[in-house]
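Next come the structures, one after another.
The following pair of complexes shares a single chain, subunit A, combined with subunit B in the former and subunit C in the latter.
Our next item is the complex of A and B:
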């Protein structure tokens, strides 16, 4: 399985490995198959095929100075590098590189928490810090700030933010790249750069004003390949005093349009946290007639679904809201939300949910029937607590069927506008896409927007054993169909990053050409993560994946 | 290269494994008793854990949520690596193996126990030593497995590297038995 970097001889590669070992210590350079196994993508549709994206080696530095040495060695031998924080980005490629033969720069030993301030509400961390690490640090010191967790807590904050991961508390913090405030970066030439106020010697505002002065390049590093981030600042949410939930039910299918307008107002006014949309009509899926109506090619007939809802005495939709803050303002915001819905959507009904002081007790957290009903991990994440519970979603596990049915850890998360009309369009577009592929229906008319910082549609595809090829074809099709309808993917494994990048094609791919012009200027040897985010340096541009040509 | 993979079908006539106690580190320090991880949703895992406990192993029960186990191992392995054995699902083992790789440990034994299409229990073992086939063919295989995992040598220097499991997936496995041990010279951080 051993691979070499492109255009690098075995002798040159061995020389590079020796110099890397001198730089970081031989015990921190990995070349055996066994040692490199954790750097493979366990969910790659190309796993165990010649097209699997594999590393040639991995190196784990302990300091910024060692990162600089690694970059200089890579330039000397023209060996591409692929930096990771903890390598747990499963579903998006894990630790595997865009270009086979790259040397993984595994930053997990750089795991210092440099600063947490619960009066100014920020943290400064190294890339190896996991959600668990920062949570423990905060808890052990009794600090009054929350972290916004990714689904699975073993991941790194820096890596997740650099892949534009999402979370589950208030909007500003849920979009992890948005919460970044201040970066330290080792550039491809080995220099260290700090962004924003970090560029001003003596400033104590690095984590408070992200821009500094002049053009702010911080946005180039998420999903980019312009440097290795060695420190990252985050804005943190102050620990709220209180937590409240409330449920709103609306009777008709088209009521979703005014409902989303109201939710937009509540969210953009910082009155609510993550919102959970659901259709109670799922209870009717046992009825073949209803199931056909919910999966009809060309989209559902609203009046027909409303008749089913009325006969079953079920609302078309329900919306769970979460409120954070002082108890009085949580209640006031809930009362305001009810007033708006009552005024604008005839027949809306309301159920008071939980009203709990923060932090929640163990009994409240692990209540087997929590009000916010989307899994334990969701419950914990809504309270800023990392967990491993979401991992149980990867396999459908039960004593009767412990490993039989599996959810292929592959998702498609197009960005859609925040409107009911767009939700209905997405239901139709992707429902039809499933018809096109002859796939089992996913009850398109009942699918709901997942409300993170950006509005995103999430679809996770169950893939039977041995049918990764089908998963591959499905993803290619959905990316293309989504883009044809203005729904771009927001994040993808390396295998699909070129395709996604190619769909952002305005002006003859002007954005990508801009990125690649910058790339060649900043990284003339193209050694840093060539291909990440669809950005290829000239030195490796022939490795761009072109699925359209292969189709 | 010695192929140490053995596929044993209970009820079939198969040759016995030949090296159930093959590896021992001469002059090695006293062997620590592994922590035993059991998925409490499965009777087989509960039985194996009881047997391991009778041999002196501490038991950590898991089910869906691996948070408590992950937190325990993440903290403890940073202090000093120690052996951990278990009978769990493959997806739980995936998490534990990935953490172990970061903390200076490796898998030295892995067994997959699944129901075949004909309903018979099939055991597939990697690494050495393992449980004799005639024992695995009995109703008491879980107890024997639990006790054996506590006793397996940890040095494992003569073992071939184990093929890694496929990602948590539809491999039809019922349960996975395993033993992780600190790597010689392995470094945690």
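Our next item is the complex of A and C:
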């Protein structure tokens, strides 16, 4: 498995490794196959193939100064680096690099929580801090702030935000890159830069006003490769007093169009948290006729599905709303939501859900019969509590597949307009994409947006053993078909970042050319994460993956 | 850069050299309890009475795998109270559990978990 960085001799590599060991201590430089095994992506569709992306070594600094030394050594020997925070970005490459032969800069040892303020509602952390770490810190001190958690709590706040992960509470906090407020970055030349108010010596507003003065480069670092982030500030949600849920059922398929308009208003007015959509018509999937109707090439016939719904006395859709805040405003917002739906969608019905003081008791949190759907995977996340509940999504066994072996998982996350019309179009486009490949249907007409903050339409594919090639073909096809229909993927594993980047092609790929002009200016040796986000420095541009050519 | 490692070395690292084997085991088990809580428990621990097992990936999967032949809770497994066995699973990964890097879980941590499991699984089979 030994792999060297491109264009670096074995002798030069060994010299670089020796200097790295001097910088961080020999016990924190890893080069053996055994030690590098956990830096492989265990879920890569390219696992154990010549295409698998492998590191040449890993180095684990404990301080910003050590990060600076590592960057200077990398420039000296022209060895590409690939920084990771907690390395748990599974489904998006884990700890593996974009360019084989890169040296992983493992920032897990930099795990200090530098500040949490529950009066001004922010935190400042290092990259090795996990959601679990920050939650314990907050609980031990009785602080009254919530974390907007990623799906799995072992992930890091910094890494997740840098890959633009999403969470489950109120809109402002759910897009984790949006909640970033203040960065400290080691630049490719080894200098330390602070963004926003962090650039003003003596300012105590680094985590309160993100922009400072002049152009704000903070947006270059998520999904980018312009520096190694060594500190990150976040805005935090104040712990609410109360939590309420409510369920709305709407009878007809096209009712989703006005429903989404109302939900947009509620969400953008900060009246509701994460929204859960579902189609109760899933109960009819045992009926072959209905299954065919829900998976028809060219899209479902609305009237036909409405007939099935009417005969079964089922609503076409149900929408769960979550409210946070004082008890009175939670109730008032729910009452307002009901008024709007009642007025604008004939036949809408309502179920009052839970109305609970925060923090919830253990019994309330782990209620085995939750009122609505979010009771399992997202129950803890809806209360700002990190967990591993969502790991069940990729579990190798499930009651439906007790002997199953899942060896890879990958997601496809296109961004879709927040409208019912767009949802119906996406159902048709991706349903047909599965037909194109001769794949089993996924009940396209019942699929709903999973993540509401940006209206990302999420699809996750468990991949059976021996079927990695199929997963690869599916992802390539979905990325291309999505882009042809204006649905761009927002996040992808390294193997697919070049393809995704190439679909953002306005002006002859003007955006990518701008990124790469900046890259060459800021990082002339191209040592920092070459290829991340589809941004290749000139020094390594020949490694850009072109799946069209390979096909 | 890899150092040869053993359970004895790991335990020795946890207590002063002069301390006895029992103290070493106790100290390791105490530390193992903390590591278990922070690293393992989110997927593998018991949930409160009546909670849905689907909320925990570990016991859900191991229940289906062993079908009653072995406990789905790793603290009840004497066969896991071993640095060598735990290292095999933790450094290479198994099923849907990915491998853990030394920066996340040191060799001393793994030895401490093994010592903790020796305590928690005593009397189990």
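As a convention for this text, the second predicted complex is superposed on the first by the 533 of 551 C-alpha atoms of A that agree within 3 Å, B and C clash if a C-alpha of one lies under 4 Å from a C-alpha of the other, contacts with A are read in each partner's own complex, and residues count from 1 in each chain.
Here is the rule we go by: contacts are C-beta pairs under 8 Å (C-beta built on N, C-alpha and C of every residue); 3 or more make two chains touch, one makes a residue touch a chain.
Everything numeric here is computed off the predicted structure, so don't read it as measured data.
After superposition on subunit A, the partners subunit B and subunit C are seen to clash.
Contacts of A:524 after superposition on the shared chain: neither subunit B nor subunit C is touched.
Looking at the shared chain after the overlay, A:486 reaches neither subunit B nor subunit C. Of the two partner chains placed around the shared chain by superposition, subunit B and subunit C are both touched by A:392. In the superposition on chain A, contact of A:368 is made with subunit C only, not with subunit B.
Once the two complexes are overlaid on the shared chain, A:42 sits against subunit B and subunit C alike. Among subunit B and subunit C, the chain that touches a larger number of residues in subunit A is C.
Once chain A of one complex is fitted onto chain A of the other, the partner contacts of A:153 extend to both subunit B and subunit C.
On subunit A, the patch touched by subunit B and the patch touched by subunit C overlap at residues 27-28, 32, 34, 37-38, 42-43, 86, 88, 108-109, 132, 153-154, 376-377, 387-389, 391-392, 394-395, 397-399, 402-403, 405-406. For subunit C in complex with subunit A, the residues that touch the partner chain are 1-3, 38-39, 42-43, 47-48, 50-52, 54-57, 60-61, 64-65, 91-93, 95-96, 98-104.
Remark: subunit B residues 41-42, 64-67, 70-71, 74, 89-91, 94-95, 98-99, 101-102, 106, 161-162, 164, 166-175, 185, 187, 189 touch subunit A in the complex. Only residues 17, 21, 26-32, 34-35, 37-40, 42-43, 58, 60, 86-88, 90, 94-95, 106, 108-109, 128, 132, 136, 153-154, 362-363, 366-368, 375-377, 379, 386-389, 391-392, 394-399, 402-403, 405-406 of subunit A touch subunit C when the two sit together in their complex. Touching subunit B in their complex are the following residues of subunit A: 27-28, 32-34, 37-38, 42-43, 47, 62, 86, 88, 108-109, 111, 132, 153-154, 376-377, 387-389, 391-392, 394-395, 397-399, 402-406, 409, 464-465.
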